[in-house]
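What follows is a set of structures for review.
In what follows, chain A forms one complex with chain B and a second complex with chain C.
For the complex of A and B:
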């Protein structure tokens, strides 16, 4: 099957700086791919190279099996939605949406049909004759998506499209985006720094750091089997606890400060005494007031979030920060020392040197 | 409370004085244009006199008035159009293309504007004579374009910088080539800047006196130069001079009024971002 979008060893340099370092990536036709990473990781540059707004230093970009590396943006069969919407302020909503079609001299009734249909899908029919300037953020975002839809492209590109919206609207638009993708079934490459968007929208997530791919996988894969410390720390909320330790057996890690021994669910590769980083999701630290508690935590702040309480503090006898996420209301634990046991399903072991996950 | 009132009073007095200072000369000019030569000296600044249209009649029906008016209009309009055309393209280039010395050029263009026109009168006359551009409207137009271009570029540069690059990128994806992006996206968005530059350029080209006096002759004279002809060896024809001056002031007034509406509508058009 021909990939919707394929990047082959794509590199981007600005002078001496390598922004994107020999990345290869393939999105199947109809697949929703999310590029996620901290700012400066190169995700937007990758998107802009796919769009043709940025030249490629080395490598190849294919869209539907056609090499478009040197092709102008408008001939790549793509449409892009920008972070700040980039609506033409001097044109009405309808003119914004139909601009590309008028440039290609599409027949008037065809333009009208497509604009009407896109407006109906997005619920912006009543705005068509208005100028975009006075519209709310959500409406402008819809217009920007409408402008992309009417072109009926093979590939949709989204550059942090929801980051200018408030939290409530963002959640709503996220759902609409998911529905829209289901309805249109087009290959989509979506850039965001928000892991919630990545987890909820993506068929596959591409996690980037310093211009290189750290892991590609489904949301469940990157959450349950993070390939390295970076991915483990990036995906999941609250952030995974990272504790220094060393192997004492192939299925046991000891934390030096507390002397606690943690039993692993699976044996790992590596010699006894090997320094490791023990990654424990906050959800894997369970309140245990009994004598068999593995760890003891000095709680500093308890954040009650409704269905869960996030405890922030340090390990007893150590200054290593830990976070625990408990179901229910536990605000009363602030300032107290508590015992914790560990759910092995939420434990990962990383090589202290390379950062690679030793279990998965 | 009393302090604030006193302050307010002081402000009003200051503003009133300023207003008188601005409007006074125009008022005197207009009043004098309706007086006979004799009345000019007998009535002083008085509002009470029998107005006459004689000065206007003499000025307008003078055999050369039509020609001077046409000269002024050609020079003003053509110089403005050329200045805007070159200015917007230069400003766009400075704002969007990267080349060595770009920033320096962008910020030093305005310095050319600080040279007083009288200073360049003699060198310009020599060069223009050499190139056979004296006594022609073309020579005057070229000069006004050169004089106004730096300010226009500097002004429009700021406007182009305010157009988000994403708009141009969106247009590129929509299928615009660079020229089309410039014409269909950038130009409409910097319209307020174009209007402001047009007001400025037209006003200078229309009103400029010293260089026009040096570079024109009987047939290419512009209106301000024509007005100076009323200052003669045997005395100043105040009534006619003021009548012509009043007439000269009208087109820029009308033009500014029209163009200023573009500036204001542009200023309220709002930003692109949410």
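For the complex of A and C:
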């Protein structure tokens, strides 16, 4: 099957700096791919190269099987939604949405039909004759999406489209975006630094760091089987605990500061004594006041979030930071020392040198 | 209005009052004086107490004076031609030099130099350049086999000369305003337009320039006001001649006041000039008022 978007060994350099380092990536037709990573990881550059706004230093970009590496942005059969909406301030909402169609001399009736249809889908029919300037962030983002929809492109590109919205609106727009994708069924490449957006919207997530792909997988895959320390630390909230230790057997890790031995659910590769990083999701540290507690934690701050309480503190007899996420209300634990047991399903072992996951 | 917002408004007024008073004194006083003077018959050097109330006489004389109407027409022609050319050239230059091309900083600095030259120096320089016998312009034309022209002696050429000198001095102002405006245009909007299929011409005429319409409007207003008040360069270049072919309104006011010693009449023309400039400013701002822009769409 022909991919919706395909990047083949794409590299981008600005002078001596390599921003994107020979990445290959393929999004199936209709797939929703999310590029996620910290600022400067190259995710926006990749999106801009797909759009044709940045040249490609090396490699090839294919859209629906056609090599578009040297093709002008408007001839790539894509539409893009920008972080700051990028609406034409001097045009009405309807003119913003129909601008591309007027340039291709689309018949007026057809323009009217498409703009009307997109406005109806996005619930902005009442705004069509208004200027975008005085509209709210959410409305402007809808207009920007409308502008993309009317072009009926093969590929939608989104560059952090929700990051200028407040938390409540962001959550609402996220759902609308998911519904919109379901309805239109078009290949979508979406850039964000927000892992919640990535996890909730993506068919597959592409996690990037310093211009290189760290892992590509479904939200469940990258959460449950992070390929390396970076992915493990990036995906999941609160952030995974990373504790220094070493292998004492193929299924046991000892933490030197506390002397605690942690039994693993699966054997790992590596010789006894090998230094490792033990990754434990905060959800995997369970309150255990009994004598069989594996770890002890000095709780400094307890954050009650309604359905869960996030405990922040350090391991007893150590200054290693540790976070535990407990169901329910546990605000009273602040300032206390508590016992914790470990859910092996939430434990990962990473090579201390390469950072690679030794279990998965 | 709540008590809070009323007290906020009062505080705001206390802070801006000194500036408002100074502005009022500096701007309104001369205007009021000029209007008042229009109703008196007064010559310089005589005590103001001896000035005679003349009522509307000065205004009647001025409005029925063909020389004044010719001068107003000359001014309108001058402003229309020079400001149009300056806007066109300034915008074109700004569009050509807006990118980050190597060496552009040097050219940008070079282009704004004429604006910094004092009008007196501009007038004198151009007088020598246009000189029929020794002027550089005729010398250059001679190289191409064009016969020497009496630039400042011919009505049409003299009019062209004052326009050329004005364009030379004030195109840089338009250039600098437009380039500053273009620098503030959101690049992602331009990128969105590129994705939408806008090529250079469409991008410029339908996106870039409309997005800096408020800058263009302000620039146009400032240039129009200046063009209507132009005096020094024309004073030195042609002194309104030959005949009264280049006698713009400011020069006509100057001559009426200081050569004709008719200060009342000169004031009456000044009032007319003020009205014309105000009407033009109002028209230009109506086209694109940066101050009203945000209110209109709410």
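Everything below uses one rule, namely that the second predicted complex is superposed on the first by the 360 of 360 C-alpha atoms of A that agree within 3 Å, B and C clash if a C-alpha of one lies under 4 Å from a C-alpha of the other, contacts with A are read in each partner's own complex, and residues count from 1 in each chain.
In this section, contacts are C-beta pairs under 8 Å (C-beta built on N, C-alpha and C of every residue); 3 or more make two chains touch, one makes a residue touch a chain.
Only a predicted model underlies this, so the values are computations on that prediction, with no experimental measurement involved.
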item: Simultaneous placement of chain C and chain B on chain A, clash or fit; value: clash
item: Partner chain(s) touched by A:246 [first = chain B, second = chain C, both, neither]; value: neither
item: Touching partner for A:140 - first (chain B), second (chain C), both, neither; value: first
item: Contacts of A:223 with chain B and chain C, given as first, second, both or neither; value: neither
item: First, second, both or neither for A:104, with chain B first and chain C second; value: both
item: Partner chain in contact with A:164 - chain B first, chain C second, else both or neither; value: first
item: First, second, both or neither for A:304, with chain B first and chain C second; value: neither
item: Intersection of the chain A residues that touch chain B with those that touch chain C; value: 51-53, 72-74, 78-80, 82-84, 86-90, 99-100, 103-104, 133-134, 147, 151
item: In the complex, chain C residues that touch chain A; value: 186, 188-189, 191-198, 202, 206-207, 210-211, 213, 293-294, 297-298
item: Footprint of chain A on chain B - complex, ascending; value: 164, 166-167, 169-176, 180, 185, 188-189, 269-270, 272-274
item: Contact footprint of chain C on chain A as seen in their complex; value: 51-53, 72-74, 78-80, 82-84, 86-90, 99-100, 103-104, 130-131, 133-134, 147, 151
item: Contact footprint of chain B on chain A as seen in their complex; value: 51-53, 72-74, 78-80, 82-90, 99-100, 103-104, 133-134, 136-137, 140, 147, 151, 164-165
